[in-house]
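Residue numbering begins at 1 within each chain, and the chains themselves are lettered A, B, C and D in the order written.
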Amino acid sequence: MSLDTARGVYVIAPTPFHDDGRVDDASIDRMTDFFRAAGCTGITVLGQMGEAPKLDAAEAIAIARRVIGRAGLPVVVGVTAPGFAAMRSLAREVMDAGAAGVMIAPPNTLRTDDQIAGYYRSAVEAVGTDVPFVIQDYPLTFSVVMTPAVIRRIVQENPSCRMLKHEDWPGLEKISALRGFERDGSMRHISILTGNGGLFLDFELERGADGAMTGYCFPDMLADLVRLSAEGRRDAAHDLFDAHLPLIRYEQQQGVGLAVRKYVLMRRGVIDSEAQRQPGARLGAAARAEVDYLLARLARTDPRARVG
Amino acid sequence: MSLDTARGVYVIAPTPFHDDGRVDDASIDRMTDFFRAAGCTGITVLGQMGEAPKLDAAEAIAIARRVIGRAGLPVVVGVTAPGFAAMRSLAREVMDAGAAGVMIAPPNTLRTDDQIAGYYRSAVEAVGTDVPFVIQDYPLTFSVVMTPAVIRRIVQENPSCRMLKHEDWPGLEKISALRGFERDGSMRHISILTGNGGLFLDFELERGADGAMTGYCFPDMLADLVRLSAEGRRDAAHDLFDAHLPLIRYEQQQGVGLAVRKYVLMRRGVIDSEAQRQPGARLGAAARAEVDYLLARLARTDPRARVG
Amino acid sequence: MSLDTARGVYVIAPTPFHDDGRVDDASIDRMTDFFRAAGCTGITVLGQMGEAPKLDAAEAIAIARRVIGRAGLPVVVGVTAPGFAAMRSLAREVMDAGAAGVMIAPPNTLRTDDQIAGYYRSAVEAVGTDVPFVIQDYPLTFSVVMTPAVIRRIVQENPSCRMLKHEDWPGLEKISALRGFERDGSMRHISILTGNGGLFLDFELERGADGAMTGYCFPDMLADLVRLSAEGRRDAAHDLFDAHLPLIRYEQQQGVGLAVRKYVLMRRGVIDSEAQRQPGARLGAAARAEVDYLLARLARTDPRARVG
Amino acid sequence: MSLDTARGVYVIAPTPFHDDGRVDDASIDRMTDFFRAAGCTGITVLGQMGEAPKLDAAEAIAIARRVIGRAGLPVVVGVTAPGFAAMRSLAREVMDAGAAGVMIAPPNTLRTDDQIAGYYRSAVEAVGTDVPFVIQDYPLTFSVVMTPAVIRRIVQENPSCRMLKHEDWPGLEKISALRGFERDGSMRHISILTGNGGLFLDFELERGADGAMTGYCFPDMLADLVRLSAEGRRDAAHDLFDAHLPLIRYEQQQGVGLAVRKYVLMRRGVIDSEAQRQPGARLGAAARAEVDYLLARLARTDPRARVG
């Protein structure tokens, strides 16, 4: 399948580590199987929340290969790098290994519209014009602000652009604007999957997003939500979403979020350890108890939250 | 009463405008009365969400005087300014008019611990050491990161520091750290009221916050929540909070938030117009319908949300 | 005369204070006379280096009036403010007092091309479409990056735009690009005066700048340089420039620069005191000795540098 | 020799490329020989101006090995990386190859004093406590502001810290403060070499810097300057410096600077091509002519500037 028609949940995979910091292959396998069983339609590895910058080059490639080989789902690989040589090396390796495409975030030095469009042209030249790619639009972290018109420009200038990981905040109007560009014929269709931990997924779907690309610790819920929304069962979709919102909100704390996510995935039996490589926030006792409390409350309506 | 023992809700007041941009005095009066009736224990005017930077000096003073004269509650006035001369002028005017204290945010050029502490010393010298002041700690907007140790230093160096408007994100551990400083005797007690639109108020109260200083469009709910939490009714507090969370989350979108807030306050009959001065985001039709939908869902459990 | 045909040196005036922080009117008068005698063709007051943000509204207006009333030269007034209400008030006051135009810097929150162009449209609406204005393009301080195309857009969308204070770094290619736009007919002519303390004035003039808008402590040298360059005496222009470059470079240190500038102007007898309002860097003994050494070296070829 | 007693010029080496972007080994060798002959006391490779982020891991190691194997001088290797795994890999490789130490710049997300000190502790743990390292303090590029007290803290907490690449701007007072810490016994001695293209090297040496770590296209002049200054020949040192200042200033333009540097090194016969990898600024015809003009003027007093 082609990335530009992707729908559903491309879950952002964390990278499981052993407590001593080594990559945990067994947990990668279990997690990969879990994602497929959870109804995910794709997997994204080596993103920010996959602790990609903390891996060396050999580790990164090994992880991508492992997930691609096992998933039976399209796998998008983050190839964001400080320079194009490293980006090209990684992109070539993972495409050869069977990746469905690569994801590219802009460096935080970009400011003007021209700089942003120029960067993506150069990146495409570096990785190869035959490599499908995903724009990562995440101003809160990257400090790069892309207007809908700039995204359109990237899409139109680069035929290999197939998907937008939409993570602007706020971002509802941006989805509407992009879908408006498609309707007025000024932009071809791409898939729009949204991030931000799912915090606005309820309305993002209603605005025209095709699904989620985020790593919230209940990807199975995200998949259900996308399905309910696609079926037009609006109230049911919001009921499900609202039940999870207290935890979604808690997980969406910058810096702390990944610790919450790994903790819950560990509690759910998906990965063996919540360990992160340095630098990484650790949940203190109070935070741990708060997450447990949120899980207990959630379990009243969603049995998947019964974790112990 | 003294600000350092303040509890409850110091609501951040928006500034009501007529559709043509003039300050709307009648709405200010109605809003002031509403806040008192809603159970707020204080009011904060001329903050960022009060569109303070869009007012000229005379307007700012007039608004502060009007609210102070009518509220029958302690009023904190934002005096953040590009320089100390303007800060001093405004602070002196509003203290003479009966303000309970002033709030000071750091300029976004500050980086190091020494720069931050030095700034507050100079600001205190400018407004007068007899003027009670509130630290505004809002890194997402001001780009100034204050560690708990720096806040302690400001508190200890400046006896007139009485309160922290805590708006770090994430910020739960910061509250715990500051209350820990009080317990270990290294910092005197100050009031901690939290912002961020209330998005974490449920747990912030449990971590030791004294209440909220935020302008969520249901300050009456915030007051109830603080009361429930103080009474130790944890589940009831979370039930109330969770019902409002979809709307709290929606209102907490940067830039868009004030438009949502004013729209709901208008729907609730508190102010006449949702108008903002330029530059100001406007709710489009889709966003308006989304807010209406959230209000309708909320009204199933909270009758205050029945707005029309 | 109209600002769009301005040439020469529009010196950025510092604001002289007494040692106790009061505005020093006698020094303002002496400085104004000195600027005219030095060959300046205009004066700019209330800029960043004029410590404008440290003045309250009444002080700012009084200073602008005083210089306008005495100079016998066109006076541009900085009206940059946190909001449009304050900007309009100040602009109206100084235009009524006889200012030649106002200067507007962009707020540091602007990122995209559309945001920048939109801001200037709103600012023009606020101050009045009849008020000639100067764009201040100073990314190092304001963190706003304007491409030549965005500047052209502002110029073309706002007939009252008459001048660019060009202070990008590096900026030579930007001057060439803008003059290219004029040649290809896509942008009408505006005056381009350059800042950055004069650090690139030698080549900026050769690229098409009309002169300088900066406050280097030898504005008389800047005026000579513009004249030599206009006469086509390239080597003589560079010889003069190079003799001053060690001091220009020293004065162009961020933060420290104004202290150097005021110190030299005091040594030259132009102002009575080097005092700045808080926050303001002070020259230590070592820096003072370094400036004295540079002045002594400069005095070997430029007698104006004999200051004591 | 130990890095903490290093003096003179540790030249920042550019990475020579062929016009097609491949690494140019022959030019690396010629450049290495040139640096030794020019009087440099050390060489720094894989810095920002060495286009390190544009190299892939294998290229980076190969370049470091090549220079180390040939130089006959201590070689410092930049190992700044997005994460500690990649930093450790590179550091181990180059130390095994005979590097004198590594240089580490802080990531631009650091804000508070504690974050900065904590980062260096973690980095030291990652590369190994036995690996001598250089702090790179370059706020203009990295947006991380280190006070003298924070630098002292890093030095005192990490015995393997041996040198500061001082590149703050302005930075003279920082050198004085650090040397003051040594005198008052609160900080052990480290070598301080300065950057910023040499723009303040004249006074930096007088303030206590041990030399330069910068890549100005006349490292031979930098070596002479350090020698003259060490001999106490102040006026001669300044005369030499001032003659080069117009070009130093021109080369110190952000972004453009490396293009100027490579162009002059090519003109001097040190490297074969001025090519940079993408993204890289190119000198236009006007800039090229300006540099040629500056070289011609410089050649009147410094015969090394006769390049064609």
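In this text, contacts are C-beta pairs under 8 Å (C-beta built on N, C-alpha and C of every residue); 3 or more make two chains touch, one makes a residue touch a chain.
Keep in mind that what you see is a predicted model, and the values were worked out from it rather than measured.
Between chain A and chain C, the least number of touch steps comes to 1.
Overlaying chain B onto chain D using CA atoms gives a rotation of 180 degrees, to the nearest 5.
At the interface between chain C and chain D, two copies of one sequence, more than half of the residue numbers in use appear on both sides, so the contact is built from largely the same positions.
Between the Cα centres of chain B and chain D there is a gap of 47 Å. Separation between the centroids of chain A and chain B, computed from CA atoms only, is 33 Å. Remark: chain A and chain D have CA centroids separated by 38 Å (rounded to whole angstrom).
Annotation for chain A: no residues touch 2 or more other chains. On the side of chain A, the complex with chain D involves touching residues 51, 53-57, 59, 81-86, 88-89, 108, 118-119, 122, 125-126, 277-279. By the touch criterion stated above, chain D contacts chain B in their complex at residues 111-115, 145-147, 149-150. Partner chain A is touched in their complex by these residues of chain B: 169-170, 172-173, 176, 199-200, 202-203, 206-207, 238, 241-242, 245-246, 249-250, 253-256, 284, 286-287, 290, 297.
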